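Let me begin by handing over the structure; questions about it come next.
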Amino acid sequence: MNNYQDIREEAYENNMQLPKLGLVLFTFGNVSVADRSKGVFAIKPSGVPYENLSPQNMVIVDFDGNTVEGDLRPSSDTKTHAVLYKHWDKIGGIVHTHSTYGTAWAQSQRAIPIYGTTHADHLTTDIPCAPPMDDHMIQGNYEYETGFQILNHFQEKGLNYEEIEMILVGNHAPFTWGKTGAKAVYNSAVLETVAKMALLTEQISPDAPRLKDSLIKKHFERKHGPDSYYGQS
Amino acid sequence: MNNYQDIREEAYENNMQLPKLGLVLFTFGNVSVADRSKGVFAIKPSGVPYENLSPQNMVIVDFDGNTVEGDLRPSSDTKTHAVLYKHWDKIGGIVHTHSTYGTAWAQSQRAIPIYGTTHADHLTTDIPCAPPMDDHMIQGNYEYETGFQILNHFQEKGLNYEEIEMILVGNHAPFTWGKTGAKAVYNSAVLETVAKMALLTEQISPDAPRLKDSLIKKHFERKHGPDSYYGQS
Amino acid sequence: MNNYQDIREEAYENNMQLPKLGLVLFTFGNVSVADRSKGVFAIKPSGVPYENLSPQNMVIVDFDGNTVEGDLRPSSDTKTHAVLYKHWDKIGGIVHTHSTYGTAWAQSQRAIPIYGTTHADHLTTDIPCAPPMDDHMIQGNYEYETGFQILNHFQEKGLNYEEIEMILVGNHAPFTWGKTGAKAVYNSAVLETVAKMALLTEQISPDAPRLKDSLIKKHFERKHGPDSYYGQS
Amino acid sequence: MNNYQDIREEAYENNMQLPKLGLVLFTFGNVSVADRSKGVFAIKPSGVPYENLSPQNMVIVDFDGNTVEGDLRPSSDTKTHAVLYKHWDKIGGIVHTHSTYGTAWAQSQRAIPIYGTTHADHLTTDIPCAPPMDDHMIQGNYEYETGFQILNHFQEKGLNYEEIEMILVGNHAPFTWGKTGAKAVYNSAVLETVAKMALLTEQISPDAPRLKDSLIKKHFERKHGPDSYYGQS
């Protein structure tokens, strides 16, 4: 059981952030963390309350969704994680939650418009919303197809998963990712906050304009461009 | 006082979950837990603050609403609990709260539309809303009739109480139930979260469509069907 | 300083409930408690943070608003409290807050419609909203006139202060009262919850009907009528 | 490192208030505190989590935005602070947050209407909202120009920064200030509360009137006029 100790601990620590950040009720969420050198990821076991989690009960799964190590059944969303790891080779962590405001936007089947700099500090486009899947995908290998629904939506819209680290799946809920599990968790909290601000913005002014391009560019580059000056280098 | 110790403790523990989950203000809620082998249930005493509860001051009541053991008066909603236990013989716990979003939907006299998978993970229909009672029922044995209002609404709509473990009573507030007190409490928290998400969904998109049948079926079966794969078997 | 020790402690304890119940930001609220045998009340000193309060720094004031004992200046709302104690001789405690939802209704200058049983458990009418005062009252002895604005609104509408223990003052914020300071604090929390539920109810269904008379009567009598059966007798 | 110890500690303490007051997620905010006798201010380092802050890692910056002492890079908003300190010589502390409701109003590009006394206790006008900057200002020295956008908006509208200690920057978020860092933090919390109440007010009554002049004047003078009687003199 000493294999994969690093990703077990990292997955455990990051899963425990979800209730602390107010992003999950009961077990409605999960974090995974990948070890690309070994071709596996550690993920929360299915339906186990957060207070019973430990590094040791994280489940180790390969990028085809097969359990490699662990006595418990992995999260029911495991195949979605596997598909994303397999096809997007720069991501090291994935988070799925049913956070309240993010989920409400997903249920509304609307992308979240970019209304301000809080949003633009993190991505330069609306937060995308993939449409609900076709019935044959739902009836088939559902979680596996959910991963492809995300991949396909990025491809169709010409989006770059290294720049846009989050999506809503229509009628369902948010998925986020990043180079590490910690970054993916961070993105989940950002998405929830931006989702709440966007709804409030529309309530205050139904005709609120989207952020203009110059401000989008400026804020994103402050944090992410070659001359970024946010944070400590 | 050693009789009924199991359901006293179970009712106490589950009542104490209500303030922790943010579902009650002051004493606006109650949980009961049944022992079907003895034909009784344990319920919160009326109007006693949560910080003063103990297993020993839970009141033991039979399925006709008569106090069997206990010095305190049982919850004013006791007869509603009794009616449900008497007629629905598979339930082991009942919860009543005035949780904020659930109560707002009840006051609006609308069933909560099924807008997403968070909802579909728990039930395959809208969360039903029984209409307010007729005046003669209100003026009569009110809490007893509240139980029948719930039973009748399930019968009229052809709903199955083992599949749909929650209801709103119009102008009043939610009731939930389950095989155990813990499941009934869980359902109360789910109802409150789903109620909030549904309102937000309508605010984001007033024309948001209900979840399509294929997704309803898929999500429910993930958790509840014969081939369920959520949680640990 | 041993005089008035009972009401000093009672006022202190009840003031400390306001931040615990989420009803105040900083010092935006105050509780007073009366000793009718001595014709005085104890009230929070003005602008002192809750963490610096103690029974000893409560200020003792008579029913004309004159300080009887205490080194600090009493709450700027003291004269409003004095007027209510002087004219309504059955009340023993008063609370003023700027709680978020109650204040929003006051700013809207609307009475809070009675939409459900949570409301009816506490009063049988809408929560009244006194109109903003005339300019000459504002420019004169403002806090003193605020008390009369409340008294006059009850008189004009034929309301009974022993049955309806709360009011909104238009453009301003809620006042509540009761036989004790604890009851007045309880009423402040009830008002805030009912205010939030009423707004959500209108958002879910703009045409939501007011609660029908039979239900109003039933719920109020469960808690307050001669045959009340809520709580322990 | 013993220079500037007072403002280091004051800036540290006030930065730590932001998460306690619920005004920031992660590092989305910063407080600075000035020492006018030395012509410098202490400000949060950029992108450092609140739990890792200490008085010693605050950065000391002059009023032209040049770092005077400190190993870390100062907040990315430092130049905005510098411009305000340089041109408004009575302010001793500045706060920038992305607090939820304040930011939603900024995104809506609307000033926050003065709807009640909670607002009037702090300022006598709507909370101003500067328009988004022109593209050439954004593309140039952005944070420096943000400071001028604030200064210019006050000048154009004839506003007095000693009376109105807060502004929204359109599409961005709030800035507040005051004679001390503590007052600037206080103003940030007031702005967030007033912003939430104003939105709720419009939801309850879309035609809610602004507060009338006599009440605006009265409430402001209670706290701030020559005959103020709020707080302890």
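A, B, C and D are the chain letters, set down in written order, and residue numbers restart from 1 in every chain.
Everything that follows uses one rule, which is that a residue touches a chain if its C-beta (ideal position, glycine included) is under 8 Å from a C-beta of that chain, and two chains touch if they have at least 3 such contacts.
For reference, the UniProt names are A, B, C, D = L-ribulose-5-phosphate 4-epimerase.
Just so it is clear, the structure is predicted and the values come from calculations on it, not from any experiment.
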In this assembly, which chains make contact with chain A and also with chain C?
B, D
Can you check whether chain C and chain D touch via the same residue numbers (shared by over half) or via different ones?
different
Rounded to the nearest 5 degrees, the rotation mapping the CA atoms of chain A onto those of chain D is 90
With chain centres defined as C-alpha means, what is the inter-centre distance between chain B and chain C in Å?
33
Cα centroid separation, chain B vs chain D, in Å, comes to 46
Specify, in ascending order, the residues of chain D that touch 2 or more different other chains.
203
Classify the chain contact graph as line, ring, star, complete or other.
ring
Chain-to-chain touches, reported pairwise for every pair that qualifies
A-B, A-D, B-C, C-D
For chain C, which residues are in contact with chain B within the complex?
115-118, 186, 189-190, 193, 196-198, 200-201, 203-205, 208-209, 211-212, 214-215, 218, 222, 229-233
Chain A partner contacts - residues on chain D that touch it in the complex:
25-26, 28, 45-48, 72-73, 76, 98, 100-101, 103-110, 132-133, 135, 138-139, 142, 171-173, 199, 202-203
